Amino acid sequence: MHIPDGFINGATSAGAAVVAAGGVGAALKAGARSLAERQIPLAGLAAAFIFALQMLNFPVAAGTSGHLLGGALAAVLLGPAMGVTVLTVVVFVQALLFADGGLSALGLNIINMGLITSLVGWLVFRALMAVFPKHRGGATLAAMIAAWASVVVSSIGFVIQYSLGGQGGVDSATVFAAMTGVHALIGIGEGLITGTVVAAVLAVRPDLVFGTARYDITRGNGLGRKATAGFIAAGLLGAISLVVFVAPLASSAPDGLERVAEDSGLVAEDSGFGALFSDYQVGSVEPEWLGTVVSGVVGLIVTFAVGVILVTLGRRRLARRA
Amino acid sequence: MSGSHVHALTVHGHSPLHRLPARVKLVALGLFVVAVVATPRHQLWAFAVYALLVTMVLVVAELPAKFVLKRMGLEVPFVAFALFLPFVGGAPRITAWGLMLSIEGIWAAWNIIAKATLGTAASIVVIATTETPHILRGLGQLRLPPTMVAVAGFMVRYLEVVGDEVRRMRIAMAARGYQPTWLGQAKALAVAGGALFIRSYERGERVHQAMLARGFTGAMPDLIDDHADRSDWAVALSVPLSAWLVAALAVAA
Amino acid sequence: MTQPALELESVTFSYPDGTAVLDGIDLRVEHGERVALLGPNGAGKTTLLLHLIGILGGGGGSIRVAGEKLDESSLHGIRRRVGLVFQDPDDQLFMSTVYEDVAFGPTNFGVEDVESAVFDALTAVGMRDAADRAPHHLSGGERRRVALATVLACRPDILVLDEPSSNLDPAGRRELAEVLDSLDTTLLLVTHDLPYALQLCERAVVMNKGRIVASGPTGQILGDPIVMAENRLELPYGFTPGTSRS
């Protein structure tokens, strides 16, 4: 998601620019040895590769399609320093040559899509590989989970930026609940694609994969169906957990403007739309946190169920048409 | 999306804007965007002035309006999201056209739409009047790390090459009846993605060999001299400085 | 000059896993000569070319370019003297504009007047007006010629071309031949295109399994059925070698 100008205020954007510059500078330094010469053209080619991959529509369900971020993929294939560099260049080029993403938001976008995705992807991958079986299946699963985590944490990064300087008029708790839950689902797609690409490279040229260089990864088979299904289930569980345990922590107290408005009698309390789960509460369920949890979980289940129904209908339709 | 996006962004011409050195335009763009973002959203007059400035530059650049409008289509998802805000924003609310809209939501929507549109339009004007290699070189002259400039250069150079390989793969797969409709069928795409990575990696190695063969010893050589005189800077900076004046007045008011 | 442009003596090279790719190569190319290097796929021809400019490192035997021996210290100089044109022009044209690509070499090698070198080279290949264009806007034949210009600008002692006529349409192939003909340089041409070899080179050398197995006037080599058969060389349908270049 490329944040445009005007979405996050100037102060936060400027701060993000400083953080981004620092992070990228550190990555350049860390990769200085390899980036100095031999791998510069490789990094450029990898950036073109990631860009091309981001442009590919991966079918999600019956007509809808999703897109890849690619940060975790770049980190597993090329290492964290290169991964950060490559993704940063991609974000940069998109903003400065394609006008995709606000110039003032460049720091924010680099943090979310360049720094966080690659770093989180790498750290999770390494941590998992320390305990996973050291063969292709293990590496594939580790890459899947790492990619999922990278997307979720990236969305949390956005939420933090929004809570600091968001100009959207929606309170942070709502943004959090909406963004993280959805991205936990999107992360499943990213995980599956990332894992499969890594597996494909491992099958042909395992020597090219930075993340598995320290292991003798040529033996073993790819990831089976059971493991893939397990990954999807785990991803769902992760999404639900986020809603159950973390969302209620976000304050549901009316934010500044709302409070002022209520106090001055401008508006009656809780004049929501009459939506089913207005203010993320369910009817008269007490305590409040349980209401948030229930509404969040129901929301997730509904989203997933709709997705599954669409998929099944879509497949049936296609089969009938064939 | 094909690699033709790369050259579709620049419009050939000989306007005063085309002739300005890249780094001058980039600095002006950056300063302009800062002014816009810093402007309080309720000072509507300021945004009118900004829009006027951008339009003036557009005219000087001799860019067809249709071209600019088409390129601004990138913005549409955010405009859609912004239009959503008056409906989900918090209290207080007003009633307009039979709908209950959040005041904060309306202002937030305006803020995003106005600033994002101005930022995108200004970017497009600069990008359209500056050749890509010049933009990258300009960034290098503005102290962007040389490694990043070099990587960006290679990225842009090989975008179309990689894009062509993607296109060929998809055609080959489609020719064998592959039309994935849901994620589970996307495996072939991902496997093709793996093949694409390997091909890109191997090409990266060959490019490095070609660089070595032409005397590359670690640092990209400085190949073109770009001269910018005072008048160039004065002309280019006149726009963002006017914007800053406006912004200062808007903030002070 | 009595020094040959290129002299290889007992050159050997093996991959890290032990496969011998170059198994004792002896090759000599005099100044002004045009030699075709023929042979089946997998004979080691491309490896030999990369090894010529010290990209692969290691290996045994000696390589001399215009009398200068290839070693750690002479690497930079040798790379200027050997103008290697790669098989895929997209690998060789890696800068954003034609001008920058052709200027890359001379700038790195410290050539005095880079701008003249660039425009002389572009004129020699008939691409003078393309200086400001991006490589991906050029046709296959144009890219091939610009790739040639990138090494010509370095004023090499010997031009080495790897499959120069591949992927060219007949007109492009002819245009390239005309350019090569007009250049007054020593030439080593690696090719599967036997008529091309006959057209451009007076001498041919056959390589197989890492060794030179035959050498002689091109027409003679192409007219020797045993040599041809042993090395998977076949003339295209309907082609009979007429007069070869003297």
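As written, the chain order gives the labels A, B and C, with residue 1 at the start of each chain.
Just so we're on the same page, a contact is a pair of C-beta atoms (placed from the backbone, for glycine too) under 8 Å apart; a residue touches a chain by one contact, two chains touch by 3 or more.
What you are looking at is a predicted structure, and each value in this text was computed from that prediction instead of being measured.
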**Message:** Counting C-beta pairs in contact, which two chains come out on top?
**Reply:** A-B
**Request:** Averaging the CA atoms per chain, pick out the one whose centre lands closest to the mean of every protein CA shown.
**Result:** B
**Fill in**
When centres are defined as mean Cα positions, the distance from chain B to chain C in whole Å is 42
**Asked** Distance-wise, how many Å sit between the C-alpha centres of chain A and chain C, to the nearest whole number?
**Response** 49
**Item:** Between chain B and chain A, distance of the C-alpha-averaged centres to the nearest whole Å
**Value:** 22
**Item:** Touching two or more other chains - residue numbers and ranges from chain B
**Value:** 6, 132, 153-154, 156-158, 161, 203, 207, 211, 216-217
**Item:** Touching two or more other chains - residue numbers and ranges from chain C
**Value:** 94
**Request:** Enumerate the residues of chain A that touch no fewer than two other chains.
**Result:** 41
**Fill in**
Per the touch rule above, chain A residues touching chain B in the complex are 4-7, 9-10, 13, 24-25, 28, 35-49, 51-53, 55-56, 58-63, 66, 77, 85-86, 88-90, 92-93, 95-100, 102-104, 167-171, 174, 189, 192-193, 196-201, 203-205, 208, 254-255, 257-258, 261-262, 266-267, 271, 273, 311, 314-315, 318
**Request:** Spell out the part of chain B that touches chain A in their complex, as residue ranges.
**Result:** 1, 5-6, 9, 26, 29-30, 33-34, 36-38, 41, 71-72, 74-75, 78, 85, 88-93, 100, 102, 104-105, 107-109, 111-116, 118-120, 123-124, 127, 132, 135, 139, 145, 147-148, 150-159, 161-163, 166, 180-183, 185-187, 189-191, 193-198, 200-201, 203-205, 207-208, 211, 216-218, 220
**Fill in**
Seen from chain C, its contact residues with chain B in the complex are 50, 53, 55, 76, 79-80, 82, 84, 86, 88, 90-92, 94-97, 99-100, 103-105, 107-109, 134-137, 150-151, 154
**Message:** For the complex, give me every residue of chain B touching chain C.
**Reply:** 3, 6-7, 132-133, 136, 153-154, 156-158, 160-161, 203, 206-207, 209-217, 221-224
